[in-house]
Amino acid sequence: MLHSMFSNHLPTFRHGIHPPQFKDDTKDKPIRHFPFAPVMVIPLAQHIGKPSVPVVREGQEVVRGQLLARADGFVSVPQHSPASGIIKKIGRVPGITGKMVPGIYLEPFPGSSQEVMEGRPVDVETATADDIIRAIQDAGIVGLGGAAFPTHVKLKIPEGKHADTLILNGAECEPYLTTDHRVMLEQAPDIMTGLRYLLKATGAPRAIIGVESNKPDAADNLRAHIPPDLPVTVELVEVKYPQGAEKMLITALLGREVPSGGLPIDVNAVVVNVATCAEVGRLLPRGRGIQERVITITGPGVEKKGNYWIPIGTPLRYVLEQAHAAPDINRVFLGGPMMGTAVSSLDIPITKGTSGVVAFRDAEAFARQNKIYPCIHCGACVEACPLFLNPSKLGILAKFKEYHAMASEYHLMDCFECGSCTYVCPSHIPLVQYFRMSKLVLRNEKAKKIHV
Amino acid sequence: MFRKTLEIGTSPHIISGNSTDTIMRNVVYALLPVAAYAVYVFGLAALLLLITALGACLLTEYMLNRWAGNPSPLNDWSVTITGLLYGLTLPPHLPLWMVFLGGVFGVAFGKFIFGGLGYNVFNPALVGRAFIQAAFPVAITTWMTPFTADRFAHIPSSTLTLPFLEPVYDITSGATPLALMKFEHHTTDVYQLVMGMTSGSTGETSALLIVLGGLYLIARRMMDWRIPVALLGAVYILSTFFHFIDPTRYPDGLFMLFSGGLMLGAIFMATDMVASPITHAGAALYGVLIGIMVYVIRVWGGLPEGVMYAILFGNAVSPHIDNFIRPRVYGTGKKRSLS
Amino acid sequence: MTETPLMPSANEAGSFKMFRAMVGIGIACALAIVATYQLTLPVITANKAEALEKAIFNVLPGAATRVNYRWNGRRFEKISPDIHGRDVIYVGLDKDNQLIGIAVEAGGQGFQDAIQLLYGFDPYKQHIVGFQVLESRETPGLGDKIDKDAAFKANFNALDARLNDESTRLAHPIVTVKHGAKTHPWEVDAITGATISSKAVGVILNNSVQYWAPLIHQHLDELKE
Amino acid sequence: MLILTALGALGGLTVVLALLLIIAYKKLQVKEDPRIDIVEEMLPHANCGACGYPGCRPFAEALVREEALPGKCTVSSDEGRQQIAAFLGVDVGASEKQVARLACGGGINVARNRARYQGLQSCEAASLVSGGGKECFWGCLGLGDCVDACDFDAIKLNAFHLPVINEDKCTACGDCVVACPKDLLSLHPVSHRLWINCKNLEAGDEILEECKVACTACGRCAMDAPDQMIVMKENLPVIDYRNYQDTTKPMERCPTGAIVYLHPQKGKITGPKARPVIRTSARTDAPT
Amino acid sequence: MQQKSPGKLQQFFHFPEGDGLATDEFIKGLWRENPVLVQVLGMCPTLAVTNSATNAIAMGLATLFVLVMSNVLVSSLRKVIPKQVRIATYILIIATFVTVADYVIQAISLEVHKALGAFIALIVVNCIILGRAEAFASKNTVWKSLMDGLGMGIGFTFALLLLGTVREILGNGTLFGFPFFPDSFQEWVIMILPGGGFFTLAFWLLFFNGMKARKKDNHTEVHPEKESVEEVYV
Amino acid sequence: MKTGNLWFIFINASLINNFVLAYFLGICPFLGVSGKLSTASRMGMAVTFVMLISSMAAYGIHAFLLWVDAPFLQLISYIVVIASTVQLVEMFIKKFSPTLFKALGIFLPLITTNCAILGLALFQTNKGYNFLESFVFALGAGLGFTLALVLMAGLREKLDFAEVPAIAKGTALTLLVAGILSLTFMGFAGLGG
């Protein structure tokens, strides 16, 4: 509260909320490496798009960084082996949706040095934009900001459009999470290298790194590392959720509004998460594939809170055991508390899109005790929604199953499920859940046919 | 090692500490000083009246929801506000049976019938009062003089009138400042108004305590300040303007602000979020609209006071305000989407 | 259903048939109405006259018969007893056919809707001598007391309506004052809780008397005929 | 005299109006679907607006456009409404009665939950949260979206939170089919009584950990079925209803009761092998 | 039954074999298809003139008269009126009977006429009358139309009386003008004001809906309570 | 004085003695067509339009009947003339402006046989309004009707999404809201007087 009053001059967007940060526990913890689990679980669809296709057999021995599955088309990325080991099984693995999904079980060799396989490097000076984009795809890079959207797709500027600004998203507005913060502190050179690739790939003449003002150390560190020839600036933005959403960041930094239903490129911007950029800067010069990522493990249920390099495919159970989670953890979710997904089983693995693991115990499970009252039209949600929707009306319509009116009159499809409305609602109405469900119903409606 | 069943639910996994029942409870806190002062000013009659009003509302809410098979809604405190506010808008010595009847009507037909908390389109307390005003216009326009000497010991005969019978008055009745203004062109001193030394409804007389209660709620962000500010502002500007044109016909702004039920209405009743527009701009428009109507009824209408009617009218208009003033959705470019 | 039945051709009536049906029924209706009118007219006229006379005799104590007069702009002319209108007044005569007063209808806005009333005027004493509400939609229990409240009606047993020296206007306009504040014979003592309706009565009376009293005063002889 | 005036006035009026109307009809008539007139004729002409349309004619137009159903008119009699329905041919043709069928037997007595779901009590909403917390991903969530969807009160949840369809009340409107996020409901002719009561695609006995009545893909039913009536597809038996025979033979050897016979009176019948499974689970786990 | 061909009069009235008196046409208007309580028609007089039971009865009877007469006339003329001028002629017929009723009431009692005010004349546009003429009389025999008119008319009167009684008792302390309560009774003025009309009718509708719902409740079985069953976890 | 009187007639007809909420005229369309805001507002405009037409027609007929001295034909000629005029107008609009017909015309048959229209004609005659006064009266009554209808429609649209107890759904609830609106309009009493 006080903070936002003093930082009022900082660029930001309208509305939004100020949830408590909970970042102090981990923001000063340097990134540390994590041991390999006895069995790794590697789903073939860790990204948005088509699942990748296995190129290995059961029983085959693989080396860390080796290609396990190739991309199936443009909107797809390959999978690389997170460890040297043996392929135990290719079949169904538990997925975050609760469904068994196609995947690979890998048993790492105990005690192996886990050398990473080197590939064909891409030189930023000589490579063309298309080369870089192809290399990013080959590296299996997806957005590490949470959505796991294949980065190369995003970098491919459509015909007739151009990018005038590349925005690096270092906002990290989610409470609890500190991965991007640590990455900006520890991997500034990688970020700068990555930026060169990204600027070339998109053809953007300049880049802005947007950092929330609660991470001044990160901003200073980045500024210190900017090479003189790179057209990059670092800008502080107000601490406010969801400052890190690409639309909000674009509005804060450029003063432009991404049109409803449109993409950042429609306002000549491309937004990439800082960790994604660092990954590009680290992998491309060596031609490697992605095998691990930085994750914040935190929450009241975790004892050894911290930021870790965790190999992709490490089962959650193993992660929590290593982090000394309390035995009575009650709710575990991947990502931050505002947007993260609660898991129903600890057998599911860490994937490329996982930015944090937060565990709550019974005491923190507030949502359960809160009685749901009818909407009292207090307007708090309307004042919180960063997209200026009317969540109150949408919630009431959803309750009465008026999904079409929600979409046609109240812009349901624009809602990016940030959860600000649910956070502030004094009646504890599960607004976001209503909206997710409504969107699903609308999407399914056309697909479903009555069949005998 | 870990317990086997996790809990799953959708994000967000944390929520703010605000809660509907907390908000409602705080409104009750803000109203208590007003009620206590009313008892001080009007004595036992006011106490009995408030208890009856509260009892009628709570009982109706409880019984109806029991009958409908809903869990008891009393712990959300909203009906407590209804009961208190309803009582505070009535003349202090109104027969208790009328008080009870209006409370039952207000909650049953102003709230329950629409689906209870959150669904009522009119302010339940005012529906109850409007019913009583139309049913017993004589009783509700007879006012008691404040600070009568034996007010505590004495229970006015009208208060205890047997159900369904016509009240007989044994109190000194006094005209309200607005009636004096309207029918005798006599303006009451603002100091007296602020301190609640005038005739009027049980809770409307002390403007000071009402304002303090409102400030408390605004400070705790449990009330939208736009509605009272817009409403009072509209009344003040209009009255100052007309007073400037013809001071003999039109009373001055301060008098208008502090007389009658305006303060209570503007701060506690027009702000009932359930029946008012949801956006900030809408709330401001709503306040201005009610303010204008209050002024029009008071100055040109037949009745000396119009706050209740103005707020009810505002309630009726608020769906339209919500329809017209919609937030401009991010990225849609249009300034305001009409209709 | 595969085939759509065509419009039944029997319904496709010719213009003449339509014409015949409408005009035929119209004429039949006219006959029926006229018949009823003729049959009920005497009773209705009698009823109306009776009701009006009752009202007139009520506001003109002692009257036994009445005569209708119309002001035609220059003088009063005697007209048939079933003609009414804005410019008609009723002259009340006692058993000896002596003019004892004049009943006048007046109307104006009350609290809720228009109020129509009838008052008796004594042209000799220049007093209002009686008052009755013919029509009002005032609130029952409040505004409708103007016709029920004995104390209020007592105002009009001898309400001063004297003309000024030039006989052009009332010497003192009739006004309604707050309950209990009546000090002059030309003031109307209002009903508590119904001040607005009481004031309306005062205003209606004042407007009407201001108009008629000078006329009656100047043309009293015509009315005495 | 009076009579003459009256006749003159009213007669004249009617003459003028009749002429005007007739001319107007001739000159201003707008060609429209003739059925509108006929349907309007069948409506009560109360022009009351109760149907939600501003009058009988607009309602008739809506009926002809098949935007509304005759039942909306509150004034008309039952026969009147039927007459209109019959005229417009909006009634259903004669075909075999269909009903909704549920392909899951995993009530809370036999199927396990892996996580405790908190949130909106709706299957659709729960299915979005890690599939809803049920151990079997395919299974019924038991939160009753189908019950809410049914306008005919044909579905109830039983004590084990499994929907039960009342075949008499079901009109095969298909609303529940659309509502179920797990696609467990489908419409079938009532005569299809042999029924695969499971949708899980896993094979092997491990699945029994999740749900005691799950299909383990052992394939016995397919072997026992006459004329290749049942084939195994994706670890599930599929009944080919085109050459359906009304027999209980295929379910005799089913070890779990994943294939059932839907008896019109007795309800779901399982084969003898599976009966103990059902019985014990019903006895031990079922709370009162 | 006689096999003789029916006589002229019988042909005119056309008694159907099964339900010779068309009792159903009569009964349905009283309750099942009550014009006010079920069909929600003719609301204006229902609300406007029911501030006393006397007015309610008078209005009900006047409407009954017009309804029966116009039903009978419309149905007997149904063959000769071409479709195109149907409405116009029905209105003519109805207006005539209303004028007749208007004058008759004036002749009987000026006071009642004054109390009902314009609403006597407004019977012309009461949706029930034209509605029945169109929906029923123009398609049915004279006898059936007569019964229909009687049933609907009495049903209408009954509904009016329900309102009138409540409003007069509470609003004026009297019933049919006779004191119902002791003198000291405090009248509920609202009941004779417009608001009271709306509320009373709403109240009666709620009452009847409640009765209907209770009847239905007795027939529906109770489902197993969702919450009463504990779930099984791994 | 003259304009003041017109203003007063207008306020009186639209607010104080609102046709629907105080005089109980046109309740059927008020209950029937107030479910949707778009319909309600167009209906209101159509009613206002027809009120203006019939007010003028009634003024003419009244003069005519006075002239031929046949007061007993008042009712029948009012209704017949109004009904036919509206029907003619309807056909006219339908023929020449299908869009206007879609917007307003479809309401016309519902309005023809409606208490509010005939009531207006009868009231203006009873009150002895002159032509201009009649016109203002009709305008006020029509706009007042529209106001009531539109307010009601807004509330009902909101109440579509309320958990109304089953027994109150439908007409009962609408009547209750109308009752409360009618109480609200009592606040206008005495305005303009």
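By written order: A, B, C, D, E and F. Residues from 1 in each chain.
Basically, a residue touches a chain if its C-beta (ideal position, glycine included) is under 8 Å from a C-beta of that chain, and two chains touch if they have at least 3 such contacts.
Just so we're clear, the structure is a prediction, and the values are computed from it rather than from any experiment.
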Set of chains whose contacts include both subunit F and subunit C: B, D, E
From subunit E, the most remote chain by mean C-alpha position: A
Chains linked by the largest number of contacting C-beta pairs: A-B
Chain whose Cα centroid lies at the greatest distance from that of subunit F: A
Centre-of-Cα separation between subunit E and subunit B, whole angstrom: 41
Separation of mean Cα positions, subunit F and subunit B [Å, integer]: 33
Chain centre separation in whole Å, for subunit B relative to subunit A (CA means): 49
Distance between chain centroids, defined by C-alpha means - subunit A, subunit E (Å): 68
Multi-chain contact sites of subunit B, meaning residues that touch two or more partners: 4-10, 109, 115-116, 119, 131, 134, 137, 302
Residues of subunit C engaged with two or more neighbouring chains: 18, 22, 25-26, 29-30, 33-34, 36-37, 111, 139, 141-142, 196
Residues within subunit D bordering two or more other chains: 2, 6, 9-10, 13-14, 17-18, 21-22, 25, 47-48, 50, 113-116, 118-119, 125, 128-130, 133
Interchain contacts, given as pairs of chains that touch: A-B, A-D, A-F, B-C, B-D, B-E, B-F, C-D, C-E, C-F, D-E, D-F, E-F
Residues on subunit D engaged by subunit A in the complex (per definition of touch): 98, 114-115, 118-120, 122, 124-125, 127-134, 137, 174, 177-178, 181, 183, 186-189, 202, 241
Residues of subunit F defined as touching subunit B within the complex: 37, 150-151, 154-155, 157-159, 162-165, 168, 173, 176-177, 180-181, 183-184, 186-193
Of all residues in subunit C, those that touch subunit E in their complex: 11, 13, 17-18, 21-22, 25-26, 29, 32-33, 36-37, 40-41, 43-44, 47-48, 51, 135, 139-142
Subunit D to subunit B touching residues, read off their complex: 113-119, 125, 128-130, 133
Subunit D residues touching subunit E - in the complex, by the definition given at the top: 14, 17-18, 21-22, 25, 41, 43-48, 50, 74-77, 80, 108-109, 111-114, 116, 135, 144, 156-161, 285, 287
